[in-house]
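What follows is a pair of complexes built around subunit A, which joins subunit B in one and subunit C in the other.
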Partner chain A sequence: MSIRVESFAALLPQGIAGPLGIRPWDEGQAGPGDVRRDQVLNKPYPAFGKLMLADRLAFAAASVALAGRTIANKDSTAITLGISAGSLSTDMRYMESVIAGFPSPAIFSATLPSSAIADIAIYYGLKGPNRVVAGNGASGLTALELAVSLLKTKKASAVLSLCVYAVEAQDAASPLAGGAAAASNAFALLLSLQPGNGGTAMRLSASFSAVGKEGAPARDELYFTELIRLVREQKGGIIEAASCDVAATLSLAKEE
Partner chain B sequence: MTAALRTAVVLEDCGILSSLGTLEETVADLFEGASAIVPGPCFGVPVAHAPFKDVSWRSLGIAAEALTPCIDASSLDKDTTAFIFCAAKGDISPLEAYYESGIRPEAFLPLLSSQADYAKKILNIAAGRTIVVSDACASGATGVEIGRDMLVSGRARSVVLLGFDGISRFVATGFHALSALSPAGARPFDASRDGLTVGDGAAIALLTYREPFAGDVVVAGAGSSNDANHRTGPSRTGDGLFRAAKAALADAALAPDDIGGVKCHGTATKYNDAMEAKAITSLFCEEYPPCFSVKGAIGHASGAGSLLEICVAAECLRRRLAPPTAGFETLGVDELVPISAKPQILRNHSMLCLSAGFGGINAAVVLSEVQ
Partner chain C sequence: MEPLIDTLKRQIIAVLKLSDLKPEDIDADAPLIGAGLGLDSIDSLELIVLLEKEYGVTVPDANTGRQVFASVRSLASYIEQNRSKG
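And then the complex of A and B:
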């Protein structure tokens, strides 16, 4: 069974990629962590600036992928999210507010890895199932596996599958981070089983193994950067992705 | 319906640790109407809470060790077994110890991925892969749904689920800052309810896919949804939870009449219970089965709580009884949901387990005892 890739987004150090093209960061912007609302959404959204880093990246990627699109059945549009570093930086900001004697309710509510999907679901009215995975380096790959499963089991008619990595520079050196890299990136794929109304016209076939490969590189961004490059350039190709937890063969082909 | 099943997702073994103790102790005490909720302060916050019966269980490693004998993992095959760790924050003590005393993490980091790897080592589970599910307070139920989908699709032959969420300064201060905690203790669905009570909780479950025998409890179906309404509050209509429950029934190929009882999320916040009563009414059209919440007895154990409560529901299903809802006296929702301070006889051999979480996440699981 192949799945239609309806839309995509990537927020990388080089810039923002989406169906409308690639836009480099403005002068003075260091990368995805500095993303502004006007770069991803052409309407005012006052909450954007208040979002914690992981939530902001997820919302930005979702907005680029969903720009100008009409979602036919929002009740059955799911969101899956792979977020390998979890809410580490947000947890640290919240704990700092506790130590300072003023626990912040706003930050506390963002200390769940699933917080990153809340604003997307509300803003875009997506009421389907949610799957949030916060495991080792290839959580995005697992989130993609769960997205494919939701489509195959007909539990969702479309899935916004997100992959987010967010560790603020000031936190990476902390013993709490265990060597996690200071980086910010986010990817989004809008997937469906049905033919859509235009878009990228690429088909994804994905198979996932029951076991991973020990010692395999476990960085989602490697696979998602390549996957989204193929979608953007409308090129067929096969990506062999592997982490310690899951291995996958992702095949992309142009729609007939 | 369940007698006709050829293969099913079978709940082989399970165990829990709660403020009332082990699974056997917890279920026995629930039927006595006991509550383990104690007065505050809780980590400096003036609210009631429900600490583990043995406070040493609040350490992830000790809890995992205590739960190890609850499942028979001897025949698990690494290549076909998935380990699913379900938590909202899990054991966040390394974060607190670092900020409070400068102590560097040793056994594991506060990251859920690190907690999952550590717990898996303690459990000594042969599992080729680990999935860390963090869908807020619905994490355990979502984990069960993911496990069920993996087994039915053939992506795994065995699934081990572990849930852990401990009370911490982090969690207590956070819920208090949100004004969500009851000063005296949770009273689910009661007219005087004034908030939730944080509770410690841990649970383990082994699921397989095979032809079930009479007396087996199976995960007959599961479904989930999002309210798309509010970051931390439930919807006012109950529509999201209703859609999750409906999806779970459809997955189980069961009708509302087939459901013998409902294990409610029942946090005892004003808005959760009102929302849930609406969702239950939408589903059953006032032909209610018995409903209950355990949070007036053992508190709310976040993401792990939803797995823990599914294990409790399985035991209640075997007794064909819904336990009393501790803390409940007078119905305080608009709908006539049959919550009771006494045990109620289940009207059938299937149980609907409801969960909801921050971010508008809803999850429902249907358990059936095979006849």
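And then the complex of A and C:
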């Protein structure tokens, strides 16, 4: 049994990576947190500017992964999201508006870890099940496992699996952050099930050992970076637009 | 009223972070909510906050809100009528 990586995206300090290659940030852009609509979406979307950091990163990664793709069955395309610090920075911005005497309805509506899923599902019309995991270092990996589970159990024909780190610098210093580091990056994998082998209780294991330090859990950020590197290398470097339809295959090891 | 309309267009873009829009893209007579500018109910709440914060003007009920947010021009008119009452 394999999971096909139909497409992918990563918003990293180096730039935006997707099936078409890596595009560095423009001069003056500090990184993923500064991503503009025109860098990830080729048509106007006025609401993009309203998205809070976590939602903007997730939407941007999803848009790069879904760019130019026709989703066969939107009704059964699921979304899973691992978001390490939940909606922490959004919550902080909302509290600031409360303290200032004018609570912001727009920010309040995004004070949920699942907020990004709603933005993506509505914009792209994805009506399959969705799951969100907000729990520190391995949220993205857990979301990825949930994606595999949704595919295995036929609850989804495809899954857009996202991993987002979104903590603004001023919030990392707050006691409320619980030690979360300042970060802004995002990963997206569009997955589908590829028949073969069969079996139950499969667990993603590809390349995990390559990035985890001995005796210490690897941050899923490193895992995703490595995963996307592997996907790209299977295509012999940068995946060209023409070869995007020939999706890479990740092997899954059987869990004992 | 035209200067206020221009100011409101800039404020709407700034408050709602409509980064793809410029003031000249907004038709002063087009509906703000739904068709026209395409704002949603959360946006209208944000505009109510803008009215209170910047102009000290409140929208007392939903019926008034529907009239006020019919267009940028009606919004400006409402501000001009109610600002002087404060």
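Everything below uses one rule, namely that the second predicted complex is superposed on the first by the 210 of 256 C-alpha atoms of A that agree within 3 Å, B and C clash if a C-alpha of one lies under 4 Å from a C-alpha of the other, contacts with A are read in each partner's own complex, and residues count from 1 in each chain.
Here is the rule we go by: contacts are C-beta pairs under 8 Å (C-beta built on N, C-alpha and C of every residue); 3 or more make two chains touch, one makes a residue touch a chain.
The model shown is predicted, which means the values in this text are computed figures rather than measured ones.
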Partners on subunit A (subunit B, subunit C) - clash or fit: fit
Contacts of A:185 with subunit B and subunit C, given as first, second, both or neither: neither
Partner chain in contact with A:46 - subunit B first, subunit C second, else both or neither: second
Touched partner set for A:37, first subunit B, second subunit C, both or neither: second
Touching partner for A:92 - first (subunit B), second (subunit C), both, neither: first
First, second, both or neither for A:109, with subunit B first and subunit C second: both
Partner, of subunit C and subunit B, that touches more residues belonging to subunit A: B
Contacts of A:80 with subunit B and subunit C, given as first, second, both or neither: neither
Shortest span in Å between Cα atoms of subunit B and of subunit C, once chain A is used as the common reference: 7
Touching both subunit C and subunit B, counted on subunit A across the two superposed complexes: 103-105, 109
Touching residues on subunit A, where the partner in the complex is subunit B: 74-75, 79, 84-86, 88, 91-92, 94-96, 98-99, 103-105, 108-109, 111-115, 117-119, 121-122, 124-136, 139, 142, 146, 149, 152-153, 155, 174-178, 180, 208, 210-212, 245-246
Contact footprint of subunit C on subunit A as seen in their complex: 36-37, 44-46, 48-50, 102-106, 109
Touching residues (chain side subunit B, partner subunit A) in the complex: 78-80, 82, 85, 88-89, 92, 94-96, 98-100, 104-105, 109-114, 116-117, 128-136, 142, 145-146, 149-150, 152-153, 155-156, 169-170, 173-178, 223-232, 240, 243, 247, 251, 357-361
Footprint of subunit A on subunit C - complex, ascending: 16-21, 38, 42-43, 45-46, 49, 52-53
